[in-house]
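I've put the structures underneath this note.
You will see chain A twice below: alongside chain B first, and alongside chain C after that.
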Partner chain A sequence: MTSITQMEDLYTQRGKRARELHAAGQKVVGYFCCFVPDEIIAAFDMIPYRIQGCMSEPIDRADAHIEPMACPFARSCFNMAIKGDYSFLDGFVVPHSCDTIERMYHIWRENTPAAFNHFLNVPHMMGPSSDAFYRKELEFFIKALEDWSGKTFDPAKLKDAIKLYNQRRARLRELYALRKPDPPLVSGAEITQLLVAGMGMPADEHIELIDGLIGEIMRRPQPKGPKQPRIFIWGNEIDDTAFIKLVEESGASVVMDDLCTGSRFFWDDVPETADPLDGIVSRYLHIHCPRSYKPAAETREDDLENRFGYIGEFVKTWHADGVIFYIIRYCDTCELEGPDLREYLNVKGLPVLMIEDDYSTSTIGQLRTRVQAFLEMIV
Partner chain B sequence: MEENDQAKTTATKGTDAARKVRAMVKNIYKSCHDAQAEGKKVAYIMVSSQYDEILRAMDIVPLPTENYAGLCAAKRDMDRFLTKAEEDGYSQVLCSYARIGLGFDSMRKDLGCMPENAPDGGMPLPDIILGSSGVCDPRFKWFQACGRFMTAPTYSIDVMHPAVHCDLNAVRDHYVRYQKEQFEGLIAFLEKQTGKPLNKERLWETIRLGDEAWRLWYESDLLRMSKPCVMPSQDHFSVMVPAYYYSGTQEAVDFFQDLVNEVKYKIENKLAVVKDEKYRILYGGGLPPWHTMWFFNYFESFGAVFVIENQYRGFDPVEVPGHVKDPVEFLAWRTFLRYTKRHEQARANSGNPVVERILDLIKDYDIDGVFFHACRSCRATTIGQIHTKNTLGRYTDLPMTQFVSDMVDLRDYSEAQWKAQIEAFLEALAARKRPL
Partner chain C sequence: MNFAGIDIGSTMTKVVICNEHEQIVTAIIGPTGAEHRHLALAVMDEALKKTGMVFDQLGFITATGYGRINVPFADKQITEITCHARGVRAVVPSVRIVIDIGGQDSKGIKLGLDGRVSNFVMNDKCAAGTGRFLEVIAETLGINLADMGDLSMQAQSAVQISNTCTVFAEHEVTSRLAEGAKIPEICAGLHEAIAGRVVNMVRTLGIEKDVVVTGGGAKNRGLVKAIEGKVGFPVLTPPEPLITGALGAALMGKDLVEKGAVPDHERRLEGVTFFK
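And now, the complex of A and B:
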């Protein structure tokens, strides 16, 4: 099997590897969002599993438990849980990322509890006192894992996990670098497949897969063709290729992203500090997510630069010609962030298309005309 | 629902106290304009951020933007602000309070002056903007977004509480410490803005006033257990204004003292809301439909009275330990205790503090049915209602219903649907009461 077919297989059969490991007696711990450190779970020899939804399945069972004005990504995940699709999760960990996810913890836990359930509180504010708070929350999390597993936490194992996950991050950045040439050597849809495939497997196996993929990409004929608009995508959860494919089939290259399921979750390394928790805190609490509040700067320009400077770097380095926002409906933090980010990018001369969607492949076709019109404008 | 009802938004109230609130609402915005003329600082604030007494002690005049949005809806003057925000790129499903606020700010910026005929004289440009993470996400994101329309110094604090399953003894110090640090950060910011240090004696004084007003408010709610009902929920949704927006002032204390006296008087003289009280309804949760408050009276025309509510209700009183000698630490403790008041009870029973509170209310107020209002654009007060209803169903067989609209956006409201649903709910109430 080539790495590409292996990746496609893992992408289409979500959770396949995690299910196998669970069947073999390993503990699989499912979690939402970007604020639960994989490294801590891995340091207990457990498998971290980033919970995903299913954009191609209707949400048919969740309505009996959760209101339709909740984020459809979260509702889709829960819909899968009540259908039994997540019965392979031994543990369930939820960070306080947003209002919906916080409520989801209680609803999920009471309807489909795992053997181990834990809520990790995460400050919205940033600053030294928030760091100390989050650190203490991580200590509670570690204590809960100790109680559940009967194992004693070993900081040396956490250091090893940090090294391993940093290696994975480095490989992913290497892969992302292959998107810099024009045309890019790897498509946005392939990137999505690889990231989703990696969400349910041990880091070392994912590293092997990424290495294999990079090798195959380098060996295949380099793409050629007329100049196409290079698109940067910003938003929240895209764990399906449908939308990225739509953009690429409309005649553009998706070259870089800032998504919960993309660069946002892996980009920055965990600093290898003497006390490994220090590194974890400084990295995870400073993830660029609209749900976190950067202290306001004195001027509007400074404030936008402070909040979005990293995106400015991304679009420059990856030579983006335009930006598409893909916002899952009812995500208040993204909905409030979008217009500010658009202002920031427009000042840089980048056109922006803001899309709000329902996290469903059945409605994606309706976006085609808007995407095409946007791309025509760029060319 | 008669033709003439449809044009009207407000409900007929039961108490004189509630009728006095309209003037207090007007005064909120007037006092902001006056304060700026006197050189005082006016701050955009979010309700229930736990910092009210600090602001009062520092002579900062609160300007509650959410209340302003509700006011616009009650005056049916919200569409122009909602539309403006949507033109500026804010989603139609985003918190409609936030949309009205941002739409208003945007319009004021474009015009360079107050939008014409703005309800109650409009919101002046604030000198400071103060968000928080208490209750919901838009509380700090909305104020961050305000930067697009004004340059006021902006600050936000976390207001955090533990999940119900936490061992409170293990997490208490951790939460109190963080809350205290968050308040201290806010105070340092405000001292810089005002150029004056916080006087802790004054803070103790505003805390005393804040607690006293809330104690009286709580007392009035306890009195409301008496049958028949003398103070209905529409009154509650008025008296929350002095409770939340005058917190830490003598005015609030006087208001609630009057309310307690009036409720007592009405009970003694059996001055009931409706002549023949058939059903006692609990407003179980969700922001009220400010655009259509007369629906309370419509229920009353069938002998159904909303007697108590689990929304915009004050926190039940808590006892901060005597060893706490610093007022900022006191506020941190009070926040923790307020938010964890029913955690132990929930752990021993349903696992859900909201369910526990509702069960207590059902028992204490002799409730016949529970009503919830799901607002399409408010996640924080809506998500979880179905779950709460499901869990309640394990402990009670009372009829429960969930109505859907929005707190201010009329586009999410269907009168025909509400009518049909009210009829069905009344039938369910009647069926349960009918002797077998």
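And now, the complex of A and C:
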């Protein structure tokens, strides 16, 4: 089996590897968003599992518990839980990333509790007290895992996990570098499949898969063709290839992203500090999620640079011609961040298309005209 | 050389044939049915008959509109956003903003100083702010869609319609009627509601002169007047506001041919199988 077919297999059969490990007696800990450190779960010899929704299944059962005006991604995840799709999760951890995810903890625990349930409080405003606050919360999390597993936390194991996950980050960055040539050596749809596959398997196995994929990409004939617009995607959760495929089939290359299922969750390494928790705190709390606020800089220009400078670097290094905001409907944090980011990018001469999506593959086709018109505008 | 543009909208299908001097040779408008492919053929056939041309005399055929993929004889598909901008620019060179109110969607297009599309907004998932909204309510009121504009011009005041959702607005109109509101006042209120919704959407582009209103909505005097009220200055409407998309498609074809494009597949009017 090639790495590409293995990746497609893991992408199509979500949670397959995690289910196997659960059946073999390993503890699988499901979590939402980017603020729950994989390393801490792995340090207890458990399998971290990033919870995904299912864009191709209608949300039916969840509506009895959550209003339809709540985030359709969160509703889709919970819908799967009610239907038993997440029965392989031994643990369930929710960070206070946004208000909907915060509420998900209570609704989920009430209706479909796991053996271990934990809520991780994460400060929203970055300031002098936020690191200490988050650190204390991580200590509570570690204590809860100790109580549940009956094991004692070992900082040396956390250090090992940090090394392992940093290796995975380095491999993913290496893969993303293959998107810099024009045309890129790897498609956005392939990247999405690989990232989704990695959400439900141990890091060492994912590293092996990435290495295999990079090898196969380097061996296959390099793509040729006319110059196509290079697109940077910003937004929240893309755990299905449907939208990326729509963009690429319309005649563009998706070359870089700032998505919580993409570069946002893996880009920066965890510093290897004497006390491993210090490195974890400084890395995870400073993830660029629009739910976190930085104190405003003195001028508007400095403020935008302070908040979006890393995106400026991304679009420059990956030679983006245009930016698409992919926002799942009712995501207040992204929708409120959008206008400022649009301003920042427009000043750099980059056109922006904002898409608000229902998190459903059946409505993706309706976005086609908008995406095509945007590409016609760039060419 | 002649160039054809075919615009399959949700409600109407339009064909424009123009010559290399960007002059319209002929324009045909027909209703869009369930069978796009059949219709595309029929309307194109009629347009050719009208000019006495044969199919092979068309140098390039460009399809646009939401049914653009269902035109098997087209050389290229281009979105209606790009085509509307090109078509309106040919009729009103000073245009900076196009407001298109179609049968089932509405859109705002901003043109840069170079005449190219620089930004756009679109409402394509909901009937609010579209021709369909007026069609549904006209039925409720028992009047013709075509008369709504003139009727609303007779109104002394506009009834407030606060629901933008077509289904809820229909209920609201029924209860206003029950309260004794007059039909012209209701029509004026509906135009206010649509204009408010569409202009607010377009405002995100930054409204600049000249504003041109196109699509079926531009044929409704009352709606255009309401849009002017929201925009704050007079807007322009092309002599035939339904065909700017098809005209733009034809002209995009001309632009492409000038850049060296040639039709790259065999084109025939026949040879399409229909699902029955």
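By our rule, the second predicted complex is superposed on the first by the 379 of 379 C-alpha atoms of A that agree within 3 Å, B and C clash if a C-alpha of one lies under 4 Å from a C-alpha of the other, contacts with A are read in each partner's own complex, and residues count from 1 in each chain.
Going forward, contacts are C-beta pairs under 8 Å (C-beta built on N, C-alpha and C of every residue); 3 or more make two chains touch, one makes a residue touch a chain.
Computed from a predicted structure; not experimentally measured.
In the superposed model, A:Asn121 makes contact with chain B only, not with chain C. A simple residue count on chain A separates chain B from chain C, and the partner touching more is B. When the two complexes are overlaid on their common chain A, residue A:Cys98 makes contact with chain B while staying clear of chain C. Contact with chain B, but none with chain C, is seen for A:Ser129 once the two complexes are overlaid on the shared chain.
After overlaying the two complexes on the shared chain, residue contacts for A:His106 are found with chain B alone; chain C is out of touch. In the superposition on chain A, A:Phe266 contacts neither chain B nor chain C.
In the superposition on chain A, contact of A:Gln366 is made with chain C only, not with chain B. Common to the chain B and chain C contact sets on chain A is no residue at all. Put simply, chain B touches chain A in their complex at residues 88-91, 93-95, 98, 131, 133, 136-138, 140-142, 144-145, 147-148, 151, 153-158, 160, 162-166, 170-171, 174, 178, 181-182, 185, 351-352, 374-377, 379-380, 382-387, 390-391.
Within the complex formed with chain A, the residues of chain C that make contact are 66, 78-82, 116-120, 122, 124-125.
Per the touch definition, chain A reaches chain B in the complex via residues 64-67, 69-70, 96, 98-100, 103, 105-107, 110, 117, 119, 121, 123-125, 127, 129-130, 132-133, 136, 140, 290-291, 293, 295-296, 298-300, 303, 327, 329-330, 332-333, 335-340, 342-343, 354, 356.
On the chain A side of its complex with chain C, the touching residues are 351, 363, 366, 369-370, 372-374, 376-377.
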